[in-house]
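By letter and in written order, the chains are A, B and C; residue numbering begins at 1 in each of them.
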Amino acid sequence: MKRLLLLYRSIIGKKVIAAVTGAVMMGFLILHVAGNLKAFLPDAAPGVPDIDVYASFLRTMGEPLLPYTTLLWSVRIVLIASLLLHVTCVLQLARRNQRARPVRYREVRHVESTAPARWMLYSGSLLLAFLVIHLLQFTTGTIDAARFVPSGVYGNLYRAFHEWGYVAMYVGATVLLGLHLYHGAWSLFQSLGLDNPDRNRGLRQLAMVVALGLSLSFASVPVAFSLGALGPPPAESPKLALR
Amino acid sequence: MKFRLRIWKQASGDAAGAFSDYEVDGISPETSFLEMIDTLNERLTERGEEAVAFESDCREGICGMCSMVINGQPHGPLPGTTTCQLYMRHFDDGQPITIEPWRSGAFPVLRDLMVDRSAFDRILESGGYVTVHSGPKPEPNANPIDPEVAEESLDAACCIGCGACVAACPNGAAMLFTAAKVSHLGLLPQGQPERWERVQNMVEQMEEEGFGSCRNYAECEAACPKEISIKFIGRLNRDYLRALREPIDRHGPMDSQ
Amino acid sequence: MNLDDRVPEAPIEHMWSTHKEHLRLVGPRTRPHYRVIVVGTGLAGASAAASMAAMGYHVECFCFQDSPRRAHSIAAQGGINAAKDYRNDGDSVHRLFYDTQKGGDYRSREANVWRLAELSASIIDQAVAQGVPFAREYGGLLANRSFGGVLVERTFYCRGETGQQLLLGACSALAQQIHDGNVKMHTRTELLDVVIVDGRARGIVVRDLVTGEIRSHAAEAVVLATGGYSNVYYLSTNAKGCNVTATWRAHKRGAGFANPCYNQIHPTCIPVSSEHQAKLTLMSESLRNDGRIWVPRNEGETRSPGEIPEQDRYYYLEERYPRFGNLVPRDVASRNAKNVCDDGLGVGPSRLGVYLDFRDAISDHGHEVIGARYENLFAMYERITGESPWKTPMRIYPAPHYTMGGLWVDYNLMTTLPGLFAVGEANFSDHGANRLGASSMMQCLADGYFIIPITIGDYLSRHPYGDIDTSHAAFADAEREARGRIERLLAIDGSTTVESLHRELGRLMWDHCGIARSEDGLREALARIPELRDRFWNDLRIVGGAAGINQSLEHAGRLADFLEFAELMCRDALQRDESCGCHFREEHQTEEGEALRDDVNFSHVTVWEHTGENVEPKMHEEPLSFEALPLAQRNYKT
């Protein structure tokens, strides 16, 4: 415990925490997008979109060993904790970094750093704001509550992504995510001390693949809806039971 | 050649600073950057104006004294070069040149382009050594060292402690310096007994000095006149994490006498 | 002046051990009460301060740089000698002694040179234990290379950064002692004077280079490790800050100055290229291992070096010295370079340069092998000159580099001023009239790690501790004098800059007291130095005040001392009416232009005693004996 505290207190430790929590969230996003892509699958049963089945599975997984939504909440708790730690550590470091250069240069020429790396704080802050909207929209249904159908994921998506504003926001968010991960997915290896010159090129490419892959996959759903590639939800979709 | 210079002037640490504009002409392309400023200073003195204070000593790129941010880049535009090894043939005739001191909270400005880099010394003092007294030592060839290891250690050990890494880092971090010092000894068999303690103490001191944190921009590597790789930062992180697994406070402050 | 060398009565190979056995010691519990001041943090100063602090002495350490690890030892490139005989090529303590003594042209004290050779191996052991990453062979054992003036391979190295690595090693030991409170480190602090109480050195007066404050520090002994005085030439390979002030001030307070005219001109430096040049850059002597030195055979050659055919190339060192070839000692190499340039064969825009060519080495050994040896040196050369040694030969010319002269010290490294010790380049002891490559670091570290920590105890044990502090009147007097000097400098308010006066002094010294000296030249210099000094004190312009950072004021203080010292140097060169090592008097040469010694009249150390301002100094002699190695004419030809 004392050592964890030491880790949390040190600036290298904070980077490590940011790296590990970032990795956890990145792992989650990979699963998330795998789920999203189910929107492209044909209905699981007549009138039942595959993605709705998957959404229902997320709640029931673990049953009967664990009560309803236990596993889902466990995952959510891990994610919330990760997010909080990630944001806290990064903000603390950002404040420190600001103090480390009280007088700014009149002229700065960057040589090696990439723009996405320098924009991490901005992309991260915007992603955080997006996350709040995203949860209010598709998890709690607070936004646009009148049309929100709990567990009718496909329908909710269809309705949302026929409004260009939402499409733009979601595509924008995927671009931000890509930029954030382009640096983050490589940087976490360096922060954890797992990088070395032999692996460097590979890790850079891996980061590129992860960033681009996640971005494109996430963007594909809203784009497909807005272009009409994905049809309307079954008119009389038999609602999956919602406990 | 002729140059338009915009140089940071600050009378002392607590005085306010500002940029001053100067012009120097009649500079041959074979003049070094610092000789160009020497020339400016001589002319200023002849006119009764205060010279620009800047640091330099060896003027062959090894003492690490020179410290100028030239047109937004520590040590100027050439990779792997200290300011003192920069020549005016690397600049265009008539080019405006902005010269600023290292900007870091941990390196307060003393005067004009001179900063106080004693924070680096305190990092070294906190652990950048192998505890050995002077006197008879074992035969060194009794302990062979893989030449690759010795070379890698030297890659880190060649750090001249100029502080360009801090100056270049958008976060003002001293990770490359600390990493170089930790890795130099950490790679060698002689550095093993104190390895974990060293990395903890040096990182702790680095934090105490108020340096920023690493965001893996790699600007430090690009600015380093000795081209020290950020792989050593990865190594520092690894060693630091490993050190946390070691028993804490294994022994108290050691009596070095 | 007491010139008792305190060399013990014993066969030379047992001298140091015998001496150690008879030295008085200070016990470990008493040592912390003794205060020792160390000025300078190069290899000698840092190693001395760290070693003495680790033994328990209370050390106060001073340097004018912002960090101890920036001292100019850091720029030593090539390597450090040690009689380890790892190469099995017949090396031994005796051979290192022989090479050093012969290289120094038999003008050093045998006992000191033997001790240096004897301690050389321990230095490598010490450095390796500190974590100095010396070059290794494939099997992991220490690698060696050869160096000028010797026929064995005994030089240990870290690429071209040996000095840096050794200094970082010494400074790491120093850092630990600072951290543990055994050394109080004062950076950005310059010595202005040595304080004498009852005929003993008891402290120093310093100026804080940041605040401008003048203050004193008291101690039971003072160790000067303040390096050499090559900057008397303005253009030298020394760092800009290197100066003679500490040793000169000590001299004026009573320490004898020995052999000031012995100064080494390094053969492989980058030639001067611009009028504003502030410094010369040395290229490691190790380059002579593979590079071939030549000039065009014909005067007025206009072809580029690559177009000059073999028969028109004059490999003058190989032709004149078939046995040693390009690896002749530094003085011989420098003088020959000057000769061929004087004959109009020089190359480059100034015609003051010779070629150092790697064409044959590259074709014999391949790009890779040569790159592994010299990559960083080639890169450095290209950065400075804009020319690549891979494609076109380097151009080199000699430049002032190292000064063998310095404060006279006895076998304990104590000057004629009791309580004042001098180590490293600041003393005169081990290199005679010419220093061999890769032996300066050896001497600095032998002095600092192994000699001074022991010999200083002998002195300290004979004196009480803590009997005076800086409230003693002598400190107030010295401080007043130091302040007065600064006020005088600031009050001149003339029109000439320090830089230009220093440049003028440098040119004068280079022309008349440089690679070759003559009576007429030296007399002219002796006449012109006082004129220059007058101009300095009447027409100098310093902008700014005494408080705070004032770099022109710092420089002016140093130049003021150089202007006094230069005169002593010329005086010494004039009285030494012979040629030996680096001191080449044109009147004394063999038919082939080699240095011709006069052993009957000059096999002694000249020691100068200061007798007052504007009064001729008094000359003393320490006779040299040659028991372990009989005198012989140096011969690098056959």
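Here is the rule we use: a contact is a pair of C-beta atoms (placed from the backbone, for glycine too) under 8 Å apart; a residue touches a chain by one contact, two chains touch by 3 or more.
No experiment lies behind these values; they were computed from the predicted model shown.
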Centroid comparison with subunit C (C-alpha atoms), farthest chain: A
Tell me which of B-C and A-B has more C-beta pairs in contact. B-C
Would you mind pulling out the distance in Å between where the CA atoms of subunit A average out and where those of subunit C do? 65
With centres defined as the mean C-alpha position, give me the subunit B-subunit C separation in Å. 26
Inter-chain centre distance, subunit A versus subunit B - centres from mean C-alpha coordinates, in Å: 39
Using the touch definition from the top, list the residues of subunit B that touch subunit A in their complex. 6, 19, 69, 71-73, 77, 98, 100, 103-106, 168, 170-173, 203-204, 206-207, 210-219, 221-223, 229-231, 233-241, 244-245, 248
Touching residues on subunit A, where the partner in the complex is subunit B: 2-3, 6-7, 10-16, 93, 96-97, 99-113, 117-118, 120, 183, 186-187, 189-197, 200
Report the residues of subunit B in contact with subunit C in the complex, numbered from low to high. 11-12, 27-28, 30-32, 34-36, 38-39, 41-42, 44-46, 48-51, 53, 55-65, 78, 80-81, 85, 87, 89, 110-111, 114, 116-118, 120-121, 124-126, 128-141, 144-147, 150-151, 153-154, 157-158, 160-161, 184-185, 188, 190-191, 253, 255-257
Within the complex, which stretch of subunit C touches subunit B? 47, 50-51, 53-56, 65-72, 74-75, 86, 122, 124-126, 128-131, 133-143, 158-159, 161, 163-165, 168, 171-173, 175-180, 182, 185, 187, 210, 237, 239-241, 273-279, 281-282, 379-380, 383-384, 386, 449-450, 453, 495, 497, 499-500, 541-544, 548-549, 551-552
